[in-house]
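There are two complexes below, and they share subunit A, which is joined by subunit B in the first and by subunit C in the second.
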Partner chain A sequence: MKAYWYCLSGIFFREWLRFWQQRTRLLSALVRPLLWLIVFAAGFRAALGIAIIAPYDTYITYETYIVPGLACMILLFNGMQSSLSMVYDREMGSMRILLTSPQPRSFLLICKLMASASISIIQVYIFLAITWFYGVQPPLLGLLVALPALLMVALMLGAIGLLLSNGIRQLENFAGVMNFVIFPLFFLSSALYPLWKMQEASLWLYWICALNPFSYGVELVRYALYLQFNPLALIVCATTTVVCLSAAVLTFSPKRSALRRAPGK
Partner chain B sequence: MRRLLPLSALMLICHTSLAATAYVSNEKDNTISVIDLATQTVTDTLEVGMRPRGLLLSHDNKLLYICASDSDRVQVMDLSNHSIIKELASGDDPEQFALHPNNKWLYISNEDDALVTVVDVDSNIVMAQIDVGVEPEGMAVSPDGKWAVNTSETTNMLHWIDTASNELVHNTLVDQRPRHVEFSNDSKRLWASAEIGGTVTIIDVDQREILKTMTFEIKGVHPDKIQPVGIKLTDDGRYAFVALGPANHIAVVDAKTWEILDYLLVGRRVWHMAFTPDQKTLISTNGVSGDVSLVDIDSLKVTKSIKVGRYPWGVVVTP
Partner chain C sequence: MNALEVRDVSFSYGARQVLHGLNFTCPKGRLTALLGPNAAGKSTLISLLTCLYPIQQGQIKVSGHDLNRAPRSALRELGVVFQQSTLDLDLTVEQNLRYHAALHGFSPSDAKGRVNDELARQQLSDRRHDKVRLLNGGHRRRVEIARALLHNPRLLLLDEASVGLDPASRQALQAHLRSLCAERDIAVLSTTHLLDEIAPEDHVLILNQGALVANGSIEAIQAQYQQQSLALIFQQLTKKEPK
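Take a look at the complex of A and B:
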C-alpha cells in the first residue's frame, strides 16, 4: 500500500513540478477561454437572452451559457496536452524510468491521469473566479458541487488523450490531433450553442453534437454548477472513460515509437 | 437529522416569504393564471372575459378587479371561490384602472372613448366621466387619495384629476406614448413611463413640475427596443423598477438618487410588475415569451421564470 502511495505522490510531484516550471502554460490555458468569453461572447452577445433551458431556471445571457463549455475547454486542451507529454516522455525515454516501478501499468497510467486532472481543475477554478468578477455568477455551492463533475470530465478527456497518444508516433503529429480531435470535439458540442439551436441549423450537426461525449461532459459540469444532476451525462462520461482507459492500457507500449522509428534510422 | 433541522428551518423561512398567490391576466387566452409562489407553479387557470389586461385587488385583498377589454366591462372576482360576482359599468375598452384608498371609487381609462370613467364599486353607479386626451391608458390614484392621474398615449400628456370634484385640473406634457404612472408611497412623487420616448419622468406632485427625465441604455440592445412600460416603487422608497418592454430587461433605479443601478434580464416584452406583500419578490409579466419572471429584491437577481398563458399582461399578488 505504501508503495502505491509512494508511486502516486511521485507522479503527482513530477506533474506539479513540470506545471510550476511551465507557468506560462497556466497563462495560455486561461487566455484562451477568456478570449472566447470576452471577445467572442461579446460580439455574439445575445443581450436579449437565451430561451430557458435546463438547468437554468430563467433567461440567461450568452456569457452565462458558454462559461461551463469554456471550463471544459480548459480540461480538453489540458487533457490533450497531457497526451502530448506522453509522446514526449516516450521519445525522451523518461517513460521507461517510470515503468521501472513495480506497480501495475494501469495504476501508473491512472495516477498520471489523476495528476494532470488535478492541474486542470486548479486552472478551471481560477477561470471560474475570473468569470465570477466578470458577472457570471452560478450559486456558490454549485462551484463545490461541480468539483466531482470536473474531475469526471478531466479523467474522460485524459483517457481519450491517452488512447490517442498510443496512436501517435511522433511529437509533430500533435498538430493533427489539434485539428482532427480538439477542434471537432469542442465545436461540435453543446459548449458554444444549445443543442436545440444546432437542431434548427442542421439535423446532421445536431446528431453529431448529440453523439459527441464532450457535449455530455459540458452538460455534466453545467448541471452541477447549477446544483442539478444529469444522470445521462454521467453515464456517458463514465462509460467513455472506462472504455478509453481500458483500450489505452491494453494498447500502451512504451517502446512503440522507438521500435517504429528504428528502421528509418 | 439534527444537522438537517437548521436547513429545514431555513427552507421554511424562504417559503414563508413567498407564501403568496399571484394572479396573471393572459391577454390572448382570456384567462387568469393562478401561481402558488411557495411552490412556484401554476395551480389553476380561470376563464374570464375577453382580452383581460389590467388587474387590481380590493384593499382587503378579497376581490379581484379585471379589465376585460374586449368584453367592455370590469369583472369582479371573489377570490375565496374564484367566481365572478359582479360586472361593473366600465365604459368601452377598459385597459387600466386604479382604486381610490376609500376602496370604493374605481378610476377606469377607456382607451377608445378618450374618457376616464369613475365607478362606485359598491353601487355600480358611474359617478363621473372625464374627458382626457386621445387613447387614455395609465391610471393611478395617489395614496393620500387627492389625485387621480391618467396618461393619454397619443396626446402624450398626464391628466391630473382632482378626486374631490372629479374634474381635470392640470395637464403635464411628457415624452411620446406615456403608458403607466405610479405614485410614491408618500404621494410626493409621480413616476411616468413613455414607451416610444424611451424615458421615465419623475414629477413633483405638489408643484406638478418635472424633476427628472430618465433615459436607459443597455449594452448590446438597440435603443429602439428600450420601451419603458410598467413601473413599481418599493414602499421603503429604496428602489424603482421599470419594465423595458421588448428590451427584455427590468431597470433597477435608486428611487432616491434616480441613478440606474442595474438591468435584469427577464422574458420577452416585459410589461407590468407586482410585488409580493412582503416586498421581497417582484413578479414581471413577459408578454411574448408567455411567462412571468421572479426577481429577488435583496440580491436583485432573477431567480425563476414560470410559464403561464399566451401574452400575460397584468399581475397582482395576494398574501
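Take a look at the complex of A and C:
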C-alpha cells in the first residue's frame, strides 16, 4: 500500500516541480480568463441583465456571474491540454518511463490525471484571488467549499481529454480538438450566460447546453462558491468522470497510433 | 536462470508482420548485442519487452516472470534506456532519479540512498543538482543508465543508446556496460547497428527483416559462416534480396 502512496506523491511532486519550473505557463493560463472578465464582461455588462437566479440571493453583476465559468475555463483548457499532451509523451517522452513502472497502469493514469488536476486548481485559486481584488467576492468559506467541486470538474475534464487522446494520432490534432471540443463545450454551457437566457434565444441550443456535462461542472462550482449544493450537477459530473475514465483506461494503449500504422508508412 | 527468455515471438502491425518467431535468451553477467539494419524490428522488440506493445504471439520471460501473466513482476526486474532521451530536461539529475524511484514505490529515504549510490557509481555525484538540460549527451546517457539501475534490475535494455554520442563517449559507454555485467552480474541487451561496439566476449543476435538470422558467441558465428570478419557476416546475412 505504501508503494502506491510513494508513487502517487512522486507523480504529484514531479508535476508541481515542472509547474514551478515553467512559471510562464501560469501567466498564459491566467491571461485568457482575465481578458474575458475585464474586457468581455465589461462590454456585455450593460447588454446582459441577470435576474435573481440560484445560487445568488440578489441581483449580481455580469462579472460575478461569469467568474465560476471562467474558473472552469481554466480547468477545461488545462485538463484537455495535459491529457492530449500524453499523445506526444507516450510516443517519445516521459510517459514511456511512467508506463514502465511496475504499478498498475490504471493507477498510474489516475495519478497523472489527479496531479494535472491539482496544478489546474492552483491556477484557479490564483485567478479567484485576482478576481477578489477586482471586486467579485464570494463568501470566504465558499472558496474552501469549492475545492472538492473544482477537483471533481478537473477530473471530469481530464478524463474526457484522456478518452479523446486515445483516438488522436498526433498532437497536431489539438487545433481540431480546440475547435470541435473545447470551444463547443465552453460556449454551449452556462459559463457565459444562464441557460434560461439561451432558452429565450433558441430552444435547441438550450437543450444542447442542458446536455453538456461542462454546464453541470460550472454549476457545481458556482453553487459551491456560494455555499450551496447542487446534487444533479454532482451526479452528472461524477457519472461522466467514471464513464470517461473507465473507457479511457480500458482503451488506453501506450503506442496506439503506432499500432494503427505499419512503420515506414 | 536466464535474465531474458524469448520464445516464438511474432508481431504484426495490422497485416504487416514485422517479427517472425523469435527465439533467444540473454545470459546473466554478459552483454548481448542485438544487431540489425534499420527497420529490422529492433525497436518493436524493445517495445514488446517493455510492455509498450502487447504480446500477440509467443512468450517473453524476464528473470522467470512471464510478461503476459505477471507484467508487474517482470517490470520490476527490468531497467530501460530508450533510444530517445526520456529525461525531464527542466528537472535536476537528482529530481529525475527520485521520480523514477517513486514510480517503483521506494520511500523517500530508500530513494535517497539508492540515488546517492548510483550517482557515485556513475561518477555523477557532483552533477546531482544540475538541470539535465545543462549536461552533454554522454552525461545524459549515464544519468539514464543510473536511473535504469536504481531498482537493481536483473536485465538492462538499451535501445541504440550510443546514437548521437561522440566516439570517446561511445567507447566509455561500452566499457561501462561491460563493467556492469561483470560487477553486478546483470544481463545487458543492447541494440545497435554499429559493429565496432561489439566486444569478443559478447553474445550476438542478428535480426534481419524481423527474423533472427544469427544467435551465439562471435566465435560460434564465425565458425558457422567460416568467415573471420563479423562485418562481412553481417553484410551477407542482412543483404537485401533483389525484388
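FYI, the second predicted complex is superposed on the first by the 254 of 265 C-alpha atoms of A that agree within 3 Å, B and C clash if a C-alpha of one lies under 4 Å from a C-alpha of the other, contacts with A are read in each partner's own complex, and residues count from 1 in each chain.
We take it that a contact is a pair of C-beta atoms (placed from the backbone, for glycine too) under 8 Å apart; a residue touches a chain by one contact, two chains touch by 3 or more.
All values reported here derive from a predicted model rather than from experimental measurement.
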Subunit B versus subunit C as contact partner of A:52, first or second or both or neither: first
Partner chain(s) touched by A:97 [first = subunit B, second = subunit C, both, neither]: second
Partner, of subunit C and subunit B, that touches more residues belonging to subunit A: C
First, second, both or neither for A:2, with subunit B first and subunit C second: second
Doubly contacted residues of subunit A, that is, touched by subunit B and again by subunit C: none
Footprint of subunit C on subunit A - complex, ascending: 2-4, 6-7, 9-11, 13-14, 17-18, 21-22, 92-94, 96-104, 108, 253-255, 258-264
Of all residues in subunit A, those that touch subunit B in their complex: 45, 47-49, 51-52, 57-61
Subunit A-facing residues of subunit B, complex: 218-221, 225, 247-248, 265-268, 289, 291, 293-294, 302-305
Subunit A contact footprint on subunit C (complex, rising order): 13-16, 18, 39, 44, 47, 50-54, 72-73, 75-76, 78, 80, 82, 84, 86, 88, 90-91, 95, 98-108, 111, 147
